[in-house]
Amino acid sequence: MRIAILTGGGDCPGLNNVIRAVVFQAIKKYGDEVFGFLYGWKGPINNLIKPLTLNDVEGLFNQGGTIIKSSRTNPYKVENGPQKVIDTLKANKIDALIAVGGEDTCGVANKLCSDFKAPIICVPKTIDNDLNATDQTFGFDTSISIVCDALDRLHTTAKSHDRVLVLEVMGRHAGWIATMGGIAGAADYILIPEEDFDIDKVAEAIKARKKEAGYAILVVAEGAKFAKEEILKDQEKDAFGHVKLGGIGERLAKAIEVKTGFETRSTNLGHIQRGGSPTAYDRVLGTRYGLTAVDLVHEKKFGRMVSLQGTKITDVDIKDAVGTLRTIDKELYEQTRVFFGNEINKIKPKIKA
Amino acid sequence: MRIAILTGGGDCPGLNNVIRAVVFQAIKKYGDEVFGFLYGWKGPINNLIKPLTLNDVEGLFNQGGTIIKSSRTNPYKVENGPQKVIDTLKANKIDALIAVGGEDTCGVANKLCSDFKAPIICVPKTIDNDLNATDQTFGFDTSISIVCDALDRLHTTAKSHDRVLVLEVMGRHAGWIATMGGIAGAADYILIPEEDFDIDKVAEAIKARKKEAGYAILVVAEGAKFAKEEILKDQEKDAFGHVKLGGIGERLAKAIEVKTGFETRSTNLGHIQRGGSPTAYDRVLGTRYGLTAVDLVHEKKFGRMVSLQGTKITDVDIKDAVGTLRTIDKELYEQTRVFFGNEINKIKPKIKA
Amino acid sequence: MRIAILTGGGDCPGLNNVIRAVVFQAIKKYGDEVFGFLYGWKGPINNLIKPLTLNDVEGLFNQGGTIIKSSRTNPYKVENGPQKVIDTLKANKIDALIAVGGEDTCGVANKLCSDFKAPIICVPKTIDNDLNATDQTFGFDTSISIVCDALDRLHTTAKSHDRVLVLEVMGRHAGWIATMGGIAGAADYILIPEEDFDIDKVAEAIKARKKEAGYAILVVAEGAKFAKEEILKDQEKDAFGHVKLGGIGERLAKAIEVKTGFETRSTNLGHIQRGGSPTAYDRVLGTRYGLTAVDLVHEKKFGRMVSLQGTKITDVDIKDAVGTLRTIDKELYEQTRVFFGNEINKIKPKIKA
Amino acid sequence: MRIAILTGGGDCPGLNNVIRAVVFQAIKKYGDEVFGFLYGWKGPINNLIKPLTLNDVEGLFNQGGTIIKSSRTNPYKVENGPQKVIDTLKANKIDALIAVGGEDTCGVANKLCSDFKAPIICVPKTIDNDLNATDQTFGFDTSISIVCDALDRLHTTAKSHDRVLVLEVMGRHAGWIATMGGIAGAADYILIPEEDFDIDKVAEAIKARKKEAGYAILVVAEGAKFAKEEILKDQEKDAFGHVKLGGIGERLAKAIEVKTGFETRSTNLGHIQRGGSPTAYDRVLGTRYGLTAVDLVHEKKFGRMVSLQGTKITDVDIKDAVGTLRTIDKELYEQTRVFFGNEINKIKPKIKA
C-alpha cells in the first residue's frame, strides 16, 4: 500500500514518535511505501508531498516537533479544498491517509470520510488533553512536566522572599494542564476555565496560606475567568490612562495584590510548554498510536481514530472524538481543594516555613 | 480519627507524595490526627511511631524516597509479629492504618485483615509495575524516564563509535520497565523475563541492525534469561579459570560479542533507577492515591486497595492485587518487534547513518 | 568563634550551598558556632537571628533558594540602620559576618567595613554575572541552563511552524545571560543592554535567516533597547488607542512583525530563570566559596570577598567588586555574530530545513 | 581555504558544538570550504572524507556525540601512517586540519607538526578534564552533571533505607569527575586515583557518618586503588573459589561491608557518563573553541591548541598540553574532607535524619 501521513494544528511533543512508528510499521511489517504531506491539510490541498524512509525517521525518537511541519489550514475553508484533497490523494495513488491532529484536524477528517468515503485514520493530538473518546493524548504529559518543573523553580523563590507567585499555563477551554501540573508542582490554588472564580474567595485562601506557610503559588489556565472583574477597573491603566495588563496571569496577580496587599508576580510559560524532547510517557503513547494506526489501515477500518482506553490502544469512530471538548474531571478538581489555603479546613492547620 | 501510615519494601519515587496527600486530606478535610510508623512493618511491630503534621509534609512534593523510612520486615516471619502489630495499633489508639507497598506489604495487610479484621487500606507501590488490579503504580513512570534518559545518552556514544551497547534495567519477574523504557529510548532489541531468549535470534537481529544503522542498543531486564546459555561456557572464566561475568547485562554483552564479533559493552543502572525526584505523572498518581485512601478510611472500606482504572482512582479488594504478578502485556511487547533489527522484515529496510 | 551569615538581594541557585559549606567548615574544621540572620540586612537591623546546625544544612545540597530568606533592605536607607547592625553583632557576640550578595549587599558590607571596621567577609552573588573582581558568580550557570532548555523547546515549535520566536531573559544592565544562553541554545540573534540595536539590521538578519532555515529564534535581554523605536509608534495601541505592549520581548516581536511581515511571538521566562535546584557547576562554586569564606574569617581577612580566578578560589578587596558593573566581554559577543543571519556573510550560506 | 576537521578518542558531549562552530566560522566569516575526516585519524589514513555544509551542522547544538565519528586509531602505530595522513591532506588540497582530541590525538598532532610541519590546530577534548594547558575541557561539565544527578537519586534511596551506597565514576588517572561530581552531589567520601586509600580510615569515616546521619554515600573514581587490599582476599571468591568482584566500586563496597557490617551496594555509571545532550556550559565552551580554532587557522598559528584561561579563549603550544596529565588540584580535594564523616572533626557534629 501507499500510505500518507499529515500533522495538523499546533505542534506537540510526540508527533515525531507517531511519524517514526508509522514509517517503521508500514515499511517493516507490511512492506508499504510511506509519504508525508507537508504543513497539515495544506499538504494535500497543494500537493506538497515527500517520501518518508526508515532513514528519515530513525533518529526522531527524542525530537520534539514534526518533521513534516504543521499548519492550521482547513480544506473546508479553502475554495474547492475538500475536492483538492481527494484529487491529490488519487494523483499520488495514496491508499490511506493517517491524519494526526486535534478537534479541527479530526473534524476535517470526519467530514472527508462522510463526504467522500476518504480512506482516513485519525491519531488524536491535543496538548490540552481536551479531546473526547481517548483517556489521554500525547504531548500532555510533557506539558505538565514542564509546568511542574517551573513550579519547582518558583517554589524556591517564593519561599526565599515570602512572596505570592502566579503561573499562567495553557488551557483555553479545559483545565487539565493547570490541574495536573498544579497537583504535581504543589500549587496552593488552581484556577480553570470550567469554573469562573470568585476573587474574594481566592484572596481569602491566599491569605490563609500566607499565614500558614509564608508564601503562596497559584496556577491559572489561560482560559480562566473572573466571575466579576471590577476590582481591576481602577488598576489596569497607567499614568496616561492606558490599559497595561495582559493575560489572565497578570490580571490575577494584580487583583490579588489589590485584595491582599501582598506583592504578587506572574509568569507565563508561553510556547515553552509545547516544545522540546517528549517525556518517556509521550514517546511510548505516540509510538503505540502510530503502530496501531497502520494496523487499522490494513484492516481498512477507515473513519476510525486510535484511542487509549486504560492500558490498551483501541479504536473509536472519529466522530465520537469531535464536536465537544473533554473538560476537566470535576471530581478530580474538587479533590485538589484540600491544598487550597482555607478552602477545606476542618481544623486549623499550622505550617511553619 | 487517628490514622497511621507505613511504607514497606523498596523505596520508590512518589511515596512522599502519598504521605503528603494522606496528611493534608486527613487533617484538613476530616480533622484527623496522623502518625507515621517507621521502617515499614517494623514500625508497628516495635512501636516506632511519630506524629505527622502539615509542616512535616509541606515540602515533600518533589522529594523522592520516604520520610517514614522503609524495610522488608514481614510480621508473619517475626515471632508473634501479627499480634504485636495489632497490639501496637490498639496501644496507640490507631483507628485505621494505610499500608503503602507491593506484593509483600499488601500480602501482609490482606492476612491481617482476614486474621484480625484489622482496619487497613492499601496503596499499591511497585516500581516494576507488576502488581495486579491497578493500571499503573507510581514510581514506574519515573523509572522509565530514567531508563529513557540513559538510552538517549547511550545513543550518542553508540552512534559515534559504531558500537553495540546493552543496558540492564530492573524487572525481576516482569518486563514492563524494559519494554516501556526501551520503546521510549528507541532500543533495537528488548529482552524480558517473560520470554527466555534465543541468543542466535538476538545475534541475527543485531547483525541486521548493525548493517542498517551502524550501531545497536539493547535493553535487558535483570530477570531475562538465555534459553540456552552454553555459549558462555568457555567465555566466563579468566586466565586463572575464574568466573568473571556478573549480571545478565554483562553475560548478554559477552554472548553477543562471541556470536557477532562486534565489540559490545553493558551498563547496569542499578539503584539510580529507583530514586530521586518523581516525575509529574508519579507525583499526581501518588497524590491521588493518598487523597482517596483517606476517603476510604472514612467510608470504613477496610480491606480495600486504591487502584487506577483508566483515568479514575477507584478501589479493589486487596486480595485481588496479591498472589500473582502482572506480567507484560504480550500484545504490546509483540508490537515492539518491528523495531528489532530483522525480526519483522517485510522488505529490506535501508538506514544509513 | 561565633560566625553569622546573611543572604541579600534576589535569590539565586547556590545560596543554600554556600550556607551548607559555611556551616560544615565552621563547625567541623574550626569548632565554631554558626548563626543565620534572616531576610538579608533586615536580620541584623531587627535582630532576626537563629542558630544553624549541621542538621539544618545537611540536605541543602540540591535545594535552590535560601533557608535564611532574603530581602533588599539597605541599612544605609534605614534610620540608624548601620549602627543597629553593629549593635546586633555585638549583642549576639558575633565575631564575624559572612554577607552573601551582589552589588548592593557588598556595597553595604564595604561601607560597614570602612565606617565601623566591621568584621565582614563577602561572597559574591548575582545571577546576572555582572559583578566585578570574580570570573563568575553562582546561579549564573543554572540560569543559562534554564534559558538553554527553553531555547531547545522553542526550536521544535519554530521549526514545525516556520515561525519567528523571541525569548526575553534576565539582564538589566549586562548581556551575559542572553549571550551565553543564546550561544548554548543556538539563538539566531542576541540583543544585549550594552548595545542599542538597530531594528532594521535585526530585521534584515532575520529575513536572511528565514530564507536559509525557514525559522528564526532571538534572545533579548530585558535591558536591551531600540536605538530608535518609532516603528512601534503606530503599533502599540489597541482599538481604544491604549498601549498594549509590555516588555522588550513583546516590543521586539511586534517590531519584527511590522518590518518583516513574519508572524512573531515572544515568551518571557520571568522568575523561572532564577529558581530551582542548582546545576552541578553552581553547587561546586557555591560550596567552594562557602568553605573559603570561613577560612578567610579565621585568617581575619575582613573586608575581603572570595573570588573565582581561573580554577582557583582566591580573595579580593570588597571595594574592587562594587561601584561598576561587569558588562559583557565585547570580543565574545562579537564572535557570536557569525550565527546572526547575514551579519557576517562571506559567502551565501544555504541551509535547508 | 579548505579546512578539515577530525575527532579522535572517546566521544564527549560538546564535540558536535565544536564541529558546528568550525563550519559556521569557516564558511560565513571566511568563505572557506570545510571537510570532515571520519573516525579520527583513521579518516586521513584511509581517505575517509566528506564535505560539511551549514545544513549538515545547523541542528547539532543540542546533540551529543560526533557526526564525523571517532576512533582510537594512532597513525604512528599504523605502517606508514604519518605519511599517509600527509598524503591525504595533499590529495584533498586541505590547507589546515583541526584535530579535536585528548592526550593521544593531540600527541599525534604534535608529532605531525614537528615531523612534517603539518598545518594542524588542536582543540582539547577529554571528558576526564585531565589535559594540561587549559582550565577546562568540554564534556566534563556534562559528566559531572550526570554524576550529580545520579547522586541526588541515590540520596533518596540511601536515606529511606539507612544504607551505604557507592557510586563508581570515570577517572582512570585523575579524580576531577569524582571530586567535582562528589561535591555537587554531597558525597560523604570521595576516593581518587591520585591517592591510594586506607580502607580502615574510610571505614571509620563511614561509621561516623552512619552514626550522624543514618546513611552514607561514597564516590570512587575507576582508577582509585586500595593502599592494601588484603581485606578482600577472603571475600572475592564464590562457593567454587572463583573471583566474583568486578571494578573498584564493587570491591570497595565489599570491603566496607566487611569492615563495618553495614549493607553496602555499588553502582557504576559506565558509558552513561559520557553521552547525551551537552550542558549549556559545554555547548558554550565547545562553540568558543571551534570559533577560535578557525581564527587560528587563518592566522596560520599551526602547532597551537585553543585553551580556556580564566574567562578567555586563548592558544598554547600543543606540546604544552601533552606528555603529562593534569591531576586533581590537591588543595581543592583536601577542602572536601570536611564533608568526610570524621576526617576533620573539631567538635562532634550531630546530624539527625
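Here the chain labels run A, B, C and D in written order, and each chain numbers its own residues starting at 1.
One rule holds in what follows: a residue touches a chain if its C-beta (ideal position, glycine included) is under 8 Å from a C-beta of that chain, and two chains touch if they have at least 3 such contacts.
All values reported here derive from a predicted model rather than from experimental measurement.
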| item | value |
| --- | --- |
| Number of hops, chain B to chain C, where each hop joins two touching chains | 2 |
| Per Cα centroids, the chain farthest from chain A | D |
| CA centroid of chain B to CA centroid of chain D, Å | 32 |
| Chain centre separation (chain A, chain B; CA means) in Å | 29 |
| Multi-partner residues of chain A (at least 2 other chains) | 152, 155, 277 |
| All chain pairs that touch each other | A-B, A-C, B-D, C-D |
| Footprint of chain C on chain D - complex, ascending | 24-25, 27-31, 53-55, 58, 61-62, 135-136, 141, 144-145, 147-148, 152, 155, 180-181, 183-186, 212-213, 277, 279-281, 283-284, 287-288, 291-292, 309-312, 329, 332, 335, 338-339, 344-347, 349-352 |
| Residues of chain B touching chain D in the complex | 7, 10-11, 13, 15, 63-66, 69-71, 146, 149-150, 152-157, 159-162, 165, 237-238, 240-244, 246, 265-272, 274-277 |
